[in-house]
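Pasting the structures here.
Here chain A shows up in two complexes: once beside chain B, once beside chain C.
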Partner chain A sequence: MTAARIDRIIAGMIGYLPLVILALIWEATTRLGLVSPRMLPRFSDVLGAFLDLLQSGELLTNAIASLRRALIGFAIAVCTGTTLGAGMALVPWIRAALDPIVQIFYPLPKSALIPLVLVWFGLGDTSKTFLVFLGCLLPMILSTYNGMRGVDPLLAWSARSLGASRFDVVREIMLPAALPQILTGLRTTIAFMFLLMVSSELVIATNGLGYMIGAFGDQGSYPAMFATILVVTALGFAADRAFLALTDHLLRWRA
Partner chain B sequence: MGVLRLVLRMSPVLALLAIWYIATSLGMIKPFLLPAPQTVAMRLWRDIATGQFALNAGLTMYRALMGFAIACLIGVPAGMLIASDRTVRWFCEPLISVGFPMPKIAFLPVFMLWFGVYDLSKIVMVSFAAIFTVVAAAEAGTRGVDRVLLWSARSMGASRAAVFWDVILPAAMPQFLTGIQIALPVSLITAVAAEMLMGGAGLGGAMLAAGNYADSPGVFAGIVETSLVGLLAVGGMTQLRRRLLRWHPEFNPR
Partner chain C sequence: MNDGVGIEIERVTHGYTPKRGRPMVALDDISLSIPAHEFHALLGPSGCGKSTLLFLIGGFQKIQQGRIHTAHGDVCAPGPDRGIVFQNFALFPWKTVIENVRYGLEKKGIKGSEAEQTAKHFIDLVHLNGFERSYPAQLSGGMQQRAAIARTLAIDPDILLMDEPFGALDAQTRRIMQEELLAIWRATRKTVVFVTHDVAEAVYLADTISVMSARPGRIKRLVHASFNRSEDTAVFKSPEFTDMVEHVWDMVRDEVDEARRQGH
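Showing the complex of A and B:
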């Protein structure tokens, strides 16, 4: 049991060996002077900057500020989006009312809304939270709608004929059957959340990880800038992995 | 008849426009927060008439499409290579799984540092943002090709090149195109965001300038202009898919 577990951990580490190799190549090219340190700071310097930022608490406060804004917008978008998507799939008049609006706003590049939230809400937290909400809303509506529409109507009819109420059918049949697609949509939505969080903070913010990246870049503190970028990358990766683990857990009843 | 149906289908949008018009003309909302639709329309018309729209949209399209094309030209072969070579796959798979969910725009200051603040850095930024989707889709598509197809072609004496061009490429095409279809809006989003961060000409730069000067009709006109470009790109891509996959069951329902 423990031996098998150690084997798994070792296999996992070998799986991520390429990342270590990449870091070593980075360190080697900068140490050998192949790349000017003005262009690419040494990996070890970036690590040092990371530790400094961690120690001073700067990294933590800004990460919390970013994630708080992003997660609030994301959570509201997920609740609203799944409700509206389910409404569109189940109730014809909601579909008739929302479908053209969704269709019109879907191709709009969400980053174009950054100046709008700036005009509406200024530099504070609300502007970024609202942007994340807007950007995450449409993918959630669409994946819920598509997932629920794709449910085999035979399942619903059978349940109804066996005496299930409309509400039971939605909760016990439609939602579980649509869950895989909703979860796929949720995964892209999480990526969207991080993208909008960082890009809005690069343009309009006074704190947060995106703001740190931009500010360090303007100051020319490149090791700190690279360190923050790596932190953002690691956060996105960790969220994605955690979500995949959650998906496996939620869908374990499937074949 | 067709016009009537279209108007009926689009009635929620028209209702939204009507609410917008009534709310602004009754003075319920400050014009700074929400300019009247006719003000935005006039601004849009002025941008079109003066050639501003063509210039900005053209620049944004150029950056987005160049970056997108580079991402496809590198990404599709790279994805196919990753799918078919074990060593390459071992090396690249963790890089993709880290790169796929990361907010690529965070690298913009790096590209500014390396490639300056003009077109090149924006194009590189767009390619970098779009390429992971393309590679992942190309890899999945290539790996998903039915083994029986490959074995049959080889056992009938097809050369490696023939297997590639006549079996793998067509069989994996739907997934390639799905990846490319996702990558195109990503390219546009990234181009607009990059322009917004660096300023200068282009739809993103124009909107940022409008936002900074508190010129809300300019911001709203910019949003409409950007959606028009997005609509055009997404529509064009759907048409391309239909053309390329004319033979595929997807477009030949029985």
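Showing the complex of A and C:
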């Protein structure tokens, strides 16, 4: 490892120093009795609970259950959303048909549909997967639609005069040209995925991270509840970082 | 390419309706015959419809009235027989220079090392060697336009359509690009339709200049210039050249005044 690289890593770590300070303040306030442990468990207790959950394997099995459901819903939403968004951008009647529906349902918090989805699909995996799908669908449709509508028409004209068919233009020109906006939408979509994953499991589930948070809360096991919350936070953060690294690679052509 | 047919434009009329406002006539009953291998300039004030006419030849917009045909038949859609170069380059920003140039070649079915060599040849021709792997965003405006010209020339179109291709470049770069374009044109003898509002540029480059009127666009006069026959770059200082620029400028001036009255 070069010295410059070590410097960069250290600089990166210093950037997260406020988090360490926050943890210290948390520990201090609880130790000094400023906050009752019934309201906020000690950070050290939370860490202990985390290690217990990790050792028992409870954390891993529930995390896998949650992520499996979430990723299936997310993947279906990304495929459907980009297709419908592209359809809206390219085909007037699809736009006419979907635009009012998208407009109406976009501001609706999808978690409001949890009770309804419970009636439709019951307690099984389908209900959670469906809710994640719903939460992820509209941001994907909108970012693809807006991205493709914003493509400079001269790019399409150039490609056509170079011999590209209309289909080539969509696949080889419009989609890559819209990619920056589609990726921005995808980042929001990932956040929605975690949001719907946890909130749906809080209400309808027998396992999963959201279920653990709810169950530990009900039992009064606050350190374990906080540990699970921190795990969800870390998963979301890791997903976002990984996504940003992917974006940097895909959009390396930008100055 | 047969018998000297370049581009035949027959009684083309074209209108449009702005977002807010009444329908406008952009081109009014235009007929124009451009022989093969001619360098033809469309000169006029902004808003005279010269770009619209170019886009109709390119097949990018539907012809509302009249017809345009080339050696390949009636124009109804864009095609690789009519290459185009835009003012703002319209390079594919996610492709490197060589990937941009290869795009049209691959559409023609030319692949692999043959595409690579052909692309390289045209990149060399526009003096971009060494920048094959650069992305457009890493290049200056002049270099981006060179790449766009290479991309268009690589598919070997009969007709080269250019929409104010040097309008976005600084004065020095523009002069150099004009000289190089002429050298390329002399070597390839493509039919060129070159849209500009710069009188000196039109006189320097074109065999024939169509001076267009302010909206509705009509062809007011055809001027035969042919300074581009001369290889002499001192042509700009010659009295013949400055007289011709004055002569054409007099024709354009009324139209510029008219265009200003229309609010352009």
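Criterion: the second predicted complex is superposed on the first by the 254 of 255 C-alpha atoms of A that agree within 3 Å, B and C clash if a C-alpha of one lies under 4 Å from a C-alpha of the other, contacts with A are read in each partner's own complex, and residues count from 1 in each chain.
Definition applied: a residue touches a chain if its C-beta (ideal position, glycine included) is under 8 Å from a C-beta of that chain, and two chains touch if they have at least 3 such contacts.
Everything numeric here is computed off the predicted structure, so don't read it as measured data.
Engineer: Considering only touches as defined above, state whether A:D152 meets chain B (first), chain C (second), both or neither.
Structural biologist: second
Engineer: Give one of first, second, both or neither to describe whether A:G210 is in contact with chain B, with chain C, with both, or with none.
Structural biologist: A:G210 contacts chain B only, not chain C.
Engineer: In the overlay, answer first, second, both or neither for which of chain B and chain C A:R160 touches.
Structural biologist: second
Engineer: So in the superposed three-chain picture, is A:Q219 touching just chain B, just chain C, both, or none of them (first/second/both/neither)?
Structural biologist: It touches nothing on chain B or chain C.
Engineer: Output check: A:L118 vs chain B and chain C. Expected answer is one of first, second, both, neither. What do you get?
Structural biologist: first
Engineer: May I ask you to name which of chain B and chain C touches more residues of chain A?
Structural biologist: The partner with more contacted residues on chain A is B.
Engineer: A:F237 in the overlay: touching chain B, chain C, both, or neither? Say first, second, both or neither.
Structural biologist: Once the two structures are laid over each other on A, A:F237 reaches chain B alone.
Engineer: Give one of first, second, both or neither to describe whether A:S199 is in contact with chain B, with chain C, with both, or with none.
Structural biologist: first
Engineer: Going by the contact rule at the top, pick out the chain A residues touching chain B in the complex.
Structural biologist: Touch residues, chain A against chain B: 15-19, 21-22, 39, 96-101, 104-116, 118-120, 190-191, 194-195, 197-199, 202-203, 209-210, 213-214, 216-217, 222, 225-226, 228-229, 232-233, 236-237, 239-240.
Engineer: Can you check the complex and tell me which residues of chain A touch chain C?
Structural biologist: These residues of chain A touch chain C: 152, 154-155, 157-164, 168, 173, 176-177, 179, 251-255.
Engineer: Can you name the residues of chain C that touch chain A in the complex?
Structural biologist: 55, 58-60, 77-80, 82-84, 86, 88, 90-96, 103-104, 107-108, 135-138, 151-152, 155, 157
Engineer: Where on chain B is chain A touching in the complex?
Structural biologist: Counting only chain B, the residues touching chain A are 9-13, 16, 32-33, 90-95, 97-110, 112-114, 185, 188-190, 192-193, 196-197, 203-204, 207-208, 210-211, 214, 216, 219-220, 222-223, 226-227, 230-231, 233-234.
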